[in-house]
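Below are structures written as structure tokens.
What follows is subunit A paired twice: with subunit B in the first complex and subunit C in the second.
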Partner chain A sequence: MLVLGIESSCDETGVALYEMGSDGTGTLLGHALHSQIAMHREYGGVVPELASRDHIRRTVPLLRQALADCGRTLEQVDAIAYTQGPGLAGALLVGAAFAEGLATALGKPTVPLHHLEGHLLSPLLSASPPRFPFVALLVSGGHTQIMRVSGVGQYELLGETLDDAAGEAFDKTAKLLGLGYPGGPALARLAEGGKPGAVVFPRPMLHSGDLDFSFSGLKTAVLTYVRGKELDEQARADVCRGIQDAIVDVLVTKALAAVKKTGMQQLVVAGGVGANRELRRRLNAKAVKARIQVYYPELEFCTDNGAMIALAGALRLAAGAQAKAAGPIAIRPRWPLSELTL
Partner chain B sequence: MNLLALETATDQGSVALWRDGVLLSRECPAGEQSSLTLLPLVRAMMAEAGLAMADLDGIAFGAGPGAFTGLRVACGVAQGLAVALDRPVLPVVTLEAMAYADGSPQVAVYLDARMNEVYCGAYRRVGEVLELQGAITVCPPAEAPLPAAGDWAVCGNGVPAYPALSQRLAAWPLGGQRVPTAAAVARLAAPRLARGEGLDPALAAPLYIRDKVALTVAERLAQGGKA
Partner chain C sequence: MPDHSESAAQSLNPGQSLLLANEAATQALGTALAQAAGPGLVIYLEGDLGAGKTTLVRALLRALGHTGPVKSPTYALVEVYKLSSLYLYHFDFYRFESPEEFVDAGLDDYFRQGALCLVEWPDKAAGFVPPPDLVLAFRFRDDDGRDLQLQPHSPGGEQCVNALMSRLSSDAGPC
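Let's turn to the complex of A and B:
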């Protein structure tokens, strides 16, 4: 079964082909991605209308590239998966319209997907994937959630952020430090040179006893700290280190608490912030002590991409989910993951 | 030759099928988003005509100006269909489709652009072709260009939508074409398809006209705003 996946929920256009063998083993055959980060940088953040305009320019060339990469043709595709939500309405609509048009002409069904399901399952794309069940820490620009993943379509929310997402906390504090957009990766880079403990920021809800997060206070704390100060290179690096440690500390503590609470042996980290090296270092160190395994998606599949959508579509169909008859275009810009079933 | 046309630039979406000069067309049900019903209507219409998708020779769509998301739905669906069928795409300017449907030799078209603006375009019929006079613009109703001297008709939902415009246009006859239709898109696109003017779907794009949609950080700072 060959599944085409299309992602266009925010500022990345992704197209991929995933083949699921009859024995249940799958292969990512080809994938193509275009990131709009450079375009939005000039505006200091994602401009939804510009994102939509770019998606419609990119989709056809990316599809052709993905097909050419693996020498397949559209006629060989069995189903077309695409991100139905959550995300930017205009951006989602481009992928949905294209996918439904394509499927209608090919006479194939579609699989409209939840974007976060793609992220949750993305570690299954790696060479040594986790097996169900596992705990997932989903940390991206728009989400921070801990979930129990018992199988495809079986997700239970264990905790989440009450305000800003972890990626948002990285980006907003980076903006305060004049690190541009999106500043998360730049902040992480500077933090590498910072002295641990030189600057300490509060870790909200660290001991709240639940698995929820709160990151919005960090902005204020950072603003208060840097206001009126002349920071040299080292001092800036120290501030970055302080910010990163505060975020990472809470993420690591809660993720491990979730593993303990559920009695599971595997932790999966997904979403853009999963690319953060310090987070990986700290989780890996803790994992050894706790005798658990931590899994990360390949770096290229941490941020939004088409591969995770093709994969999630294929896994859903393999698990017996019904594909949808091609035609109606209906997106879900707001869509709680808890409403998802197989 | 079989040509499918999609038009969703306004709330009133429609689809049309052109078969060697014979035209079938359907309106998306009012009140429902045309994105929901667009493709099901296409299927029903094709079935009624006894055609399979593979029998299509080209896909036309109302490229704009109009509602941005609507333009992208039509463009995205057209691209999807065309890539799968390996057929060309024919973008048709919405204002031209309205001028064509109006039928007058000289028509000034005013389509409501929301946010207190109208899309304006003036067309003159020369033989079978409509020639755009000057450029398509988007502007406040009070600044919309009036028809030039001579016999002109006017049309479009921009006229009744804004008293500031309808008053200034009171001297010209107002035609019944309020919004673009897929039927007119199909009629304009058919001869172009026959002449081989279709585009590769990768090159098909909406015509937005309203192009300044956000300020860059530099522009905001220059205006005394925040980064």
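Let's turn to the complex of A and C:
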């Protein structure tokens, strides 16, 4: 069974082909992504990051590229999976209209998907994937959530941010330090040269007893600390280190608490912040002590991509979910993951 | 594009200013604003990162009975709240690299529905985001507090400021 996956919920346009064998083993055959970074490299200028029109321009060339990469044709596709929500309405509409239109022309069914389901399942694309059930820490610029993942379509929200996402906390405090926006990765790089404990910021909700997060107060704490100070290079690195340690500390503590609470042995870390080296280092160290396994998606699948959508579509169909007859287009810009079933 | 005219503003109240000594003061303002602001009003929230814009919105939503998280809309651009009969849209255009993205993202439709619209970083969508009825501008003080400037831009905005100020002064009185 060959599934075409299309992702267009926000800044990235992704197209991928995933083949599920009759024995339940799957292979990612080809994937193509158009991200802001590639766009800047190609055109040497800034292109509006959120333009739905940009998704329109990218989708067909990316589809051609993904097909060419694996030597398949559109006629061989059995179903078309796409991100139905949540996300930006205009951006979602492009992917949904494209998928439903193409499926209608090909006479194939569609699988409308929840964007976060793609992220939750993305570690299954790696060479040594986790097995159900597992706890997932989903951390990105837009999301900070802890989920219990019992199987395909079986997700339970255990905790989430009450305000800013962890990636947003990185990006906004980086901006306050004059590192540009989004400056999260730059902050993490500077933090490597910072002295641990030289600057200590509060860890909100660390001992709240639940699995929720709050990161918005960190902005004010950083502002208060840097106001009126002339920071030399080392002092700035120390501040970066303090910020990163505060964020990472809370993420690690809550993720481990979730693993303990659910009695599970596996932790999956997905989303863009999952690429942070300090987060990985700290989690890996704790995991050894707690005797659990930590899984990360391949770096290229940490951010939005089509491969996770093709994968999620294939896994849903393999798990017995019904594909939908192609045609009607309905997007869900607001869509709590907890409403999802198989 | 509606005329965001100076002449209209001139006939209005010249604006008020408030000292917000701490986070609790920002929250009290949000609570008072919940009673003073109504459907159809467009309120700009100006001020730098960490100034208290989302804190204000959170207190306002709590006062209107919302109990769930009040997430930063930076990533999603808009968070939608339905509070009994009132729709509240909380926008944040921080991530825009060009104001046209407001149109590309299809956000103009939200402003035609009679909802209470709270807009963070409106300058990032300048020329495309509809004009405000009221601008609340936060400025950092040297003592950790904030100065808040309240500038009405329409009769509806002026009414809101008057209701807000009388509510705040009655709250501040002896109880």
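To be clear about the criterion, the second predicted complex is superposed on the first by the 328 of 342 C-alpha atoms of A that agree within 3 Å, B and C clash if a C-alpha of one lies under 4 Å from a C-alpha of the other, contacts with A are read in each partner's own complex, and residues count from 1 in each chain.
Here is the rule we go by: a contact is a pair of C-beta atoms (placed from the backbone, for glycine too) under 8 Å apart; a residue touches a chain by one contact, two chains touch by 3 or more.
Quantities reported herein were computed from a predicted structural model and do not represent experimental measurements.
Enquirer: Which partner does A:R53 contact after superposing on A: first (subunit B), second (subunit C), both, neither?
Expert: In the superposition, A:R53 touches subunit B and subunit C alike.
Enquirer: Answer with first, second, both or neither: which of subunit B and subunit C does A:A136 touch in the superposed model?
Expert: A:A136 sits against neither subunit B nor subunit C.
Enquirer: First (subunit B), second (subunit C), both or neither: which does A:A258 touch?
Expert: neither
Enquirer: Now for A:A105: first (subunit B), second (subunit C), both, or neither, which partner does it touch?
Expert: first
Enquirer: Touch check for A:A89: first (subunit B), second (subunit C), both, or neither?
Expert: After superposing on A, A:A89 lies in contact with both subunit B and subunit C.
Enquirer: In the overlaid three-chain picture, which partner chain does A:A312 touch, first (subunit B) or second (subunit C), both, or neither?
Expert: neither
Enquirer: For A:L63 in the superposed arrangement: first (subunit B), second (subunit C), both or neither?
Expert: In the superposition, A:L63 contacts subunit B only.
Enquirer: Let me test your reading of the model: by the given contact rule, A:A323 touches which partner, first (subunit B), second (subunit C), both or neither?
Expert: After superposing on A, A:A323 lies clear of both subunit B and subunit C.
Enquirer: Residue overlap on subunit A between the subunit B contact set and the subunit C contact set?
Expert: 49-50, 52-53, 89-90, 175
Enquirer: Hey, which residues of subunit A end up touching subunit B in the complex?
Expert: Going through subunit A, the ones touching subunit B are 42-44, 47, 49-50, 52-53, 56-57, 59-61, 63-64, 74, 89-90, 93-107, 175, 326-330.
Enquirer: Could you list, by residue number, the parts of subunit A that touch subunit C in their complex?
Expert: Residues 46, 48-53, 86-91, 141-143, 160-165, 168, 172, 175-176, 181, 212, 216, 219-220, 222-224, 227, 334.
Enquirer: Which bits of subunit C are touching subunit A when the two form their complex?
Expert: Subunit C reaches subunit A through residues 49-50, 54-55, 58, 69-72, 74-77, 80, 94-98, 100-101, 104-106, 140, 144.
Enquirer: Would you tell me which residues of subunit B are touching subunit A in their complex?
Expert: 33, 35-40, 42-43, 53, 68-69, 72-73, 75-81, 83-85, 201-202, 205-206, 208, 213-218, 220, 227
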